[in-house]
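As written, the chains take the letters A, B, C, D and E, and residue 1 is the first residue of each chain.
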């Protein structure tokens, strides 16, 4: 795109304007599970103790180093010399405070990973000791996620509007409904980022976002939420490019185990066999990795190629016929906006001999009805939750069985990360066979950007849009 | 002063007006009568150049010898107001409801004149006074709906005479008014005409009104002039059978003081109704309603003179000669 | 009392009107007579007859029809009252529903008041009475001339056999030639049917030939009433005198004053 | 007159309140509440109950409504539950956008439609008039959001003249504000202009048949001048009435257009507040929108009186005018 | 003026013919779609997605799921027909009824009711639709209920004025004078006389209903799959600007043609049926 508007800002080397979809209602990562909060804040503004590499291994971040006791129940973190954006020094008190907050929050995503934590204690000004009730790989892993974020002591209250952290960027101004501005943190302890400002602009509408990009109103669309063709059309345009990285969100079908029609495993299997994962991806975002097992984020060491129910319409039909339930009506409850996905799944189901009745709900209603009350028969959704979320009572799937729980618990207690990975693999494979929770694919995170922007991280472990190394190459 | 010859107005397929000859002398007051749809308004609007777009006009209308037909709207607009003034039937509708009376009169005063606002204001008051409106200054600030019917009509007259036109056309100016109010307006028009030597074309369907204001009368039927002449002459000695029937049917022909004697006596009537445009018979247009129609009436009657500028178009007139008429009248 | 209808201290004001439209009106009409109601526009003529035939509720004052209060009539025996009191309006064109044929329109009062559908021959005989023929039955109001519609309106009023016929300016929107026809018709009906007639008009000359009594109204009040000849000969109220002078000016028979 | 004004104002407030009650009741129909939204996927019944009591959502509806009403009267609507932004401030800042959109397109379409409508009326029997009619019909047939999309494709993407989306506040750069509002206003104006043009034409035709125009011509005016001096104002009286009728539709249009152009107006605030079950915000925004429409209505009523002295007089007497 | 009208009475005006022709197209598409469409409008064929206009077997191309656009347009006509028809009729009947009753009521009540309908007219119906859609879920029912609630006060208001005009005519008083009740007069005299106006209004409303339905579906609160709607087609197509412009063009044109048809029809009807009663432009 060309045009004369805003030429004063555009093209300068140290600022970036990024379009993002959903404005979060607030920024309190301890209370609000919004992905956007993690996308924008994690690593950029708020730093956890550890960082995760592409292969899933952990490296120190705000913690300079850490040690684990032989029994795997005591972790000691040495805190780096760093300051928060409000000028205060990062101390062990802040870490204790932050971890306590995370452990005690009602948000299961954040608190759940810290279940094993028994005690968090300050050793000295820059040392913190965490004592676990049992060995837990989940705990260590959590230190690289939002559960391990460190904020100034007592600042949880102000997280909603003005989050303060020790990251390379400072959360400077939130213009509600319009945009939020980050500016470079000149007191950052590590390598200072090259960008001086990042402006995140909310644009709900895909086309609007693309138009804004083409017209030069923004430089980049972060975590693009549109269709393949749009991505391709932008990427084909001179001056623009795309960047696709594996994302941490998993797309899956869920059958309500409370529903008697699903007691017959042939019905569940028929549904699973009828699922055209490739078609689903192509018909929706166009980028993503089909998967039959529940592995997320994708950079985990327990990947599995196992697929108990690959797409097989014939088999689906046979199984349904065998179960004697041909022509049964499935009440499909879906989130508004996922119509294309439902259309594709429906076509598969109908070929197998089901009838489908779709109902679309907006997010709060969906939350209330499906996720909280479990009033549905079949649904699909995507999210960053790991398989542990489905341990008894099985969340909204209501599928509770001890085998997986045991395997996961065992894994968590493993002192060795290989063993941990093996056990988890076993667990997700087992779960895939049950076909209550039917994994479909992991979504990719695509960003559309102007040529000349470089330095993005090639993976995303916790939905984060890591801007630490992003910079303009030319201008 | 005004001369119309072979004027022919058509709208769509129908010839609505065809007038062979009609004239008004300076200072003369002519009454134009006829039933509804006889073409009176057409005649007036042709003279003023206010015919609807869709009308097609042929013939000639001359004002002081200069031809008006065929001129552009702009040029005819120059004549309107300054040479020819015009007032209309319903004074409420004919006034702009959103504009104060004073401004509407001032508009008439100031068009194509170099008067300043103040001078115009003075002239407005003068005019309002001239048409005998009470408290002109205060009245000028009112809106049309705040005036009575008679006052509105007077305001209309003030506009029409603002630039001392030589001819004033009044199209049924009193039809919507009460008789007592009508009386005032008629007297005012008479006065103005006499004082300024202004010619008056007074249109009405009421013979009594014509009788009250004009010296000459022209009777129309079906878009034709059927009879014209001095008022007294025509009313007392109508020639055309239509004129005769019209006078007889008019309640105004009853002498009020003798009314009780006539109580319950039927009015004389004209059989049938005026046909719609295009449904008139050939020849004399009145012949299918005429009780005196003869064979000759199938042919368009020629204009016949009955002396003293009295013209009529009838093959079987009510009175044949002046002498006979004289006798009859006595 | 030999009045067929009588008003007593009738006053009335429209809810939205700035001034009262009727002020203490006392008026009696003897059966078989014709009353002319004259007065300037807005003097309350239409209002008065509306009140008299029960279309507007009265207060204060009363209207008595055949020695019985009209309110009482309407409550007890509204149909009979309406049958006996009929109206003819000023504007023939608007007094008929443009969507109804004359046959339907004529049948309406009979259906409403007598609960039966009149036969075609019944309608035709009424039409002949007003000088029309069966040809008009299938027409809509706009397909008839003003005079014809006014005749149908009179026929419609007559179909239910009224005792009293109110005619509100029945000729003011008609041409002179047609006006005479309608007036003649009314006079003839009065004679043949013995109707009591109330004719509203602003034309004194007209009233003088049609009505045996006249009432003059001004601003809602009756300023003068009496036998027509008397009122015309010796008008007492100044307003009546004014009216007469105005009528005199436009009289055809008058000698030439302006010459 | 003053009493009349007071009466109208009271009526206005009453209507707006009635509207807010309706909205309040409607909100109770919605599934889920702000607590479900805040706690998201992993909420538990206990945590929900706790949060609800913390936010005061467990109080009876009546209490909640009157608390809100009290806040409204005090002019401080408090903060949104989840985001914690100041509601009054938020509404204020967004009101500007919506009002600019609505008034902008009202202004544009008034001007264009008066010109086009008068032209069509004067040329009613000619081909040129018919052409305007056809354009009008097309304008009425095109969905507003579609027009917006097409404008973006042509003007922003292909020609690159104007921004495709977004909004720059007045305080920041008025020039940019105008640029950012140009396309939305244009898109919004198409339908409104078309409809208004029809009305103007019909009102003008009506005026053209009025005797007072003939009177003006009899004074010596030419037809165009007579129309200009006497016709336009008379026609505008009936157009104002229509304008009132169209306001509701216009505001609806802004919601859609805000969506197409991603403008931070009241419409998008409302949509996001509904999505987030921010009852307080929804209620307040709805109240403001209703109040806005009614106020504009009220102003139009006044304009009507100013334009037409007959109305003024009738109102003085408290009568209906027909 | 009245002569003009009278002569136009039995003329088929160009508007009427054009309107009727366009609507035959629309109704035809909608009705035929019940028994036949070139393809099943819901049939997905991801392999053949975004086929351009004129490709073999797909006259108007295919959408992002490979569905046949022509079939979807036909099926979409059905939705427009259903939502437009039901909501308009469901609004016009009570609306006109209220209008008649209000026009016939006493003047104090009248001004009160008029005020209420004024408020009703002023309220942005889309707000209601949005809230409603969240409350009862998006779908055709939501569109219908929202459009209906939007249109009821509009049709009430449009009825009141002309009804009062008719009520002021002499034949109404004549009917009272020969003993007809107010109800009879309202339904047998007033209603038939404002009938043509209402018919024209219905046609205009139908057109607006189609526009509103499209807007609602576009915003995602209207028709939901598998129901096809032109508005939701546009919503989906919006993602393919610059990729497959025909997806934007085709439903937009379909909407415009249909709305144009109804508006023309309304004009034509008014010219054809209008009696002496002077009818003004009607709003929606």
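Here, a contact is a pair of C-beta atoms (placed from the backbone, for glycine too) under 8 Å apart; a residue touches a chain by one contact, two chains touch by 3 or more.
In this text the structure is predicted, and so the values were computed from the model without any measurement.
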Chain of greatest Cα-centre distance to chain E: B
Of A-E and D-E, whichever chain pair has more C-beta contact pairs: D-E
Rounded Å distance between chain D and chain E, as computed from the means of their C-alpha atoms: 21
Interchain centroid distance [CA atoms averaged], chain C/chain E, Å: 48
Euclidean distance of C-alpha centroids - chain B vs chain E, Å: 52
Mean-CA-position distance for chain D and chain A (Å): 40
Multi-partner residues of chain E (each touching 2 or more other chains): 107, 134, 238, 241-242
Touching two or more other chains - residues of chain C: 16
Residues of chain D engaged with two or more neighbouring chains: 30-31, 149, 152, 157, 259, 274-275, 320
Chain C partner contacts - residues on chain E that touch it in the complex: 6, 107, 169-171, 173-180, 184, 189, 192-193, 195, 275-277
Touching residues (chain side chain A, partner chain E) in the complex: 205-207, 210-211, 226-227, 229-230, 232-233, 279, 282-283, 336-337, 339-340, 342-344, 346-347, 358-362, 365
Complex contacts: residues of chain B adjacent to chain D: 48, 50, 53-54, 73-74, 77-78, 80-82, 85-88, 90, 93-99, 107-108, 111-112, 143, 145-146, 156, 159-160, 162-163
Interfacial residue positions of chain A with respect to chain D in the complex: 1-3, 5-6, 23-26, 31-34, 106-109, 112, 160-161, 176-178, 201-205, 207-209, 211-212, 214-215, 217, 361-369, 371-372, 383, 385, 389
Touch list for chain D against partner chain E, complex: 11, 15, 18-19, 23, 26-27, 29-31, 137-138, 140-146, 149-150, 152-153, 157, 191, 195, 198-199, 202-203, 206, 209, 238, 242, 244-249, 251-252, 255-256, 259, 270-271, 274-275, 282, 286, 289-290, 293-294, 297, 320, 322
